[in-house]
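Look at the two complexes coming up: chain A is in both, with chain B in one and chain C in the other.
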Partner chain A sequence: MFVLVTYDVNTESPEGRRRLRTVARICMNYGTRVQNSVFECVVDSVQLMEMKTKIGEVIDPAIDSVRYYNLGKHGRDHVEHVGAKPGLNVEGVLIL
Partner chain B sequence: MFVLVTYDVNTESPEGRRRLRTVARICMNYGTRVQNSVFECVVDSVQLMEMKTKIGEVIDPAIDSVRYYNLGKHGRDHVEHVGAKPGLNVEGVLIL
Partner chain C sequence: MRKLLNVLYVTNPDSYLAKDGENIVVSVEHKEVGRIPIHNLEGVICFGFMGASPGVMELCASHHVGLAFVSPYGKFLGRVSGRVSGNVLLRKRQYLLSDDEEAAARIAMNCVLGKMLNCRSVLLRFGRDYPEKVSPEFSERLQWLTEGVRQLRESPSDTLNELRGREGILSKCYFDCFDDLILSQDPAFAFESRSRRPPLNRVNALLSFVYTLIAVDCASALESVGLDPQVGFLHRARPGRMSLALDLMEEFRPYLGDRFVLSLINNRVVAADDFLVKENGAVILTDTGRKAVLAAWQRRKTEEVMHGYLDERVPVGLLPYAQSMLLARHLRGDIDGYPPFVMR
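What follows is the complex of A and B.
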């Protein structure tokens, strides 16, 4: 399934920037970074649970906000991009 | 329908911050701000086109990135929040 992860953290602090980097690294194991704090992931239910657990261990729930949007199997068909930095199609990447 | 708008802009410049404020004002006419640059909007197809046109007039397409995710009619059922600042349910707001 296609899951969007949006992460809101105050990047003015070094700790915030570190947490954002770590969350980005986790998400990039499952998909791609399409904006500074927006990640598009392609996962099955086990991977989704695994990803959420890892992210949960990194964030500071008192000040950070994470939202997961499950767009289902054909979620990528419902995305429109305008402007700079279009995202990569992670499902279209060939693994050689 | 439930449409997510994510906006990536360099807020280190006053112009970037101004554009983000303007995009936020536009989106907040159609929904709510759930993260610094993530907006959840509830719109019909005419309103969606209207909103996209207004946003298109504000952003700098050479450096800003906007993504629209159409989660359909029951999109709100597929959102999960973790941590601080949960979003308001704009569909649940009573207009008196």
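What follows is the complex of A and C.
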């Protein structure tokens, strides 16, 4: 399925900045970065669960937030991109 | 049924592959050009490039993603694969049957029968689609082929050598019709006869390239069900040769390979100047040509077909996997014979 993950991690303290980096790193392992704190992930339900657990262990629920938008199987059809850095479609043809 | 994942093709000769977390990062001159999470990939195929870090090899091996190296012209060079997976009893059974001439002939027989049935279907379909283009020679050869397939089915060969001989004759008969199937009037796309090592014209270059892609897929599929791709039945074991992958792909050659090549030519996906002719007469694909072929191939793999035996819709890219599974079932003794994939 196609899941959009966005997060807002409080970076006022050094720990906050560390959490931000860790969350970004976890998201990177599961999906493609499309904007600074927005990731598109093509994952199955197990992988999604893994990612949620890992992120859940890192963030501070009192001041950080993460949102998972489950766009389903045909999620990519509902996405329109304008401007720079269109991002890589991991389900399209990959010739690099 | 397993999900069909994507395949990453690295065609730029300046690309370097590195690992970053769970990602494969492709960079050109130290600049990142792509980053793909490993769990979205089924395989990575590299065409003559700068290199891959040991980290990438480890990542691919541990996630059971096939990492294959192919020369720029499409010749298979090697694969990095992880630990041998699957059941050791299944593999022992495979080795045993491979040494047993009669049992090997029975399995090989079905592979060849599948191939010839598919060859016949390719010709029949052409005859249906373009009845006005069918020449008397074409119909005559089609009749020979039909007769050959009937004989093959009614009096199967019990020795492998006899089977190889019959297969050779029928294949020649099929390839004699191949020129008729090419609708392009361009003399650049004349087939004449099958030539390989090296392919001597454009059609043969395309065929060889596409066959390599299929062979790589077949080898990965066999390994994923726990079979040894090097120990074959029709093709004898020879160091470095993926004999079982070659056995398995026989039935896919006409269905996946030849029809795909024909559609590339007939739909003008490739043009005459997508090829280079070298001094020794060898014809190879250029960079742009290869990209066009790979893009079309990847699209083709996501199309779905009805699998007659499994009675299920299967993406074309998973057919080698489905057939490997059926072969493993046959070796285990769960089904009586190996059912080849036969196109409708």
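By our rule, the second predicted complex is superposed on the first by the 90 of 96 C-alpha atoms of A that agree within 3 Å, B and C clash if a C-alpha of one lies under 4 Å from a C-alpha of the other, contacts with A are read in each partner's own complex, and residues count from 1 in each chain.
The rule is short, and it goes like this: a residue touches a chain if its C-beta (ideal position, glycine included) is under 8 Å from a C-beta of that chain, and two chains touch if they have at least 3 such contacts.
Worth saying up front: this structure is predicted, and the values here are computed from it rather than measured.
Residue contacts after overlaying the shared chain place A:Asp44 against chain C, while chain B stays out of touching range. Using the contact criterion defined above for the overlaid structures, shared-chain residue A:Thr32 touches chain C, although it does not reach chain B. Of the two partner chains placed by the overlay, only chain B lies in contact with A:Thr6; chain C stays clear of it. Among chain B and chain C, the chain that touches a larger number of residues in chain A is B.
In the superposed model, A:Val66 makes contact with chain B only, not with chain C.
Chain A residues in contact with chain B (one complex) as well as with chain C (other complex) do not exist. For chain B in complex with chain A, the touching residues are 4, 6-8, 34-38, 52, 55-56, 59-72, 75, 78-87.
Considering their complex, residues 25, 28-33, 41-44, 47, 88, 90-96 of chain A touch chain C.
Contacts from chain C toward chain A in the complex involve residues 3, 6-12, 15, 20-23, 26, 33-37, 39-40, 291, 294-295, 298-299.
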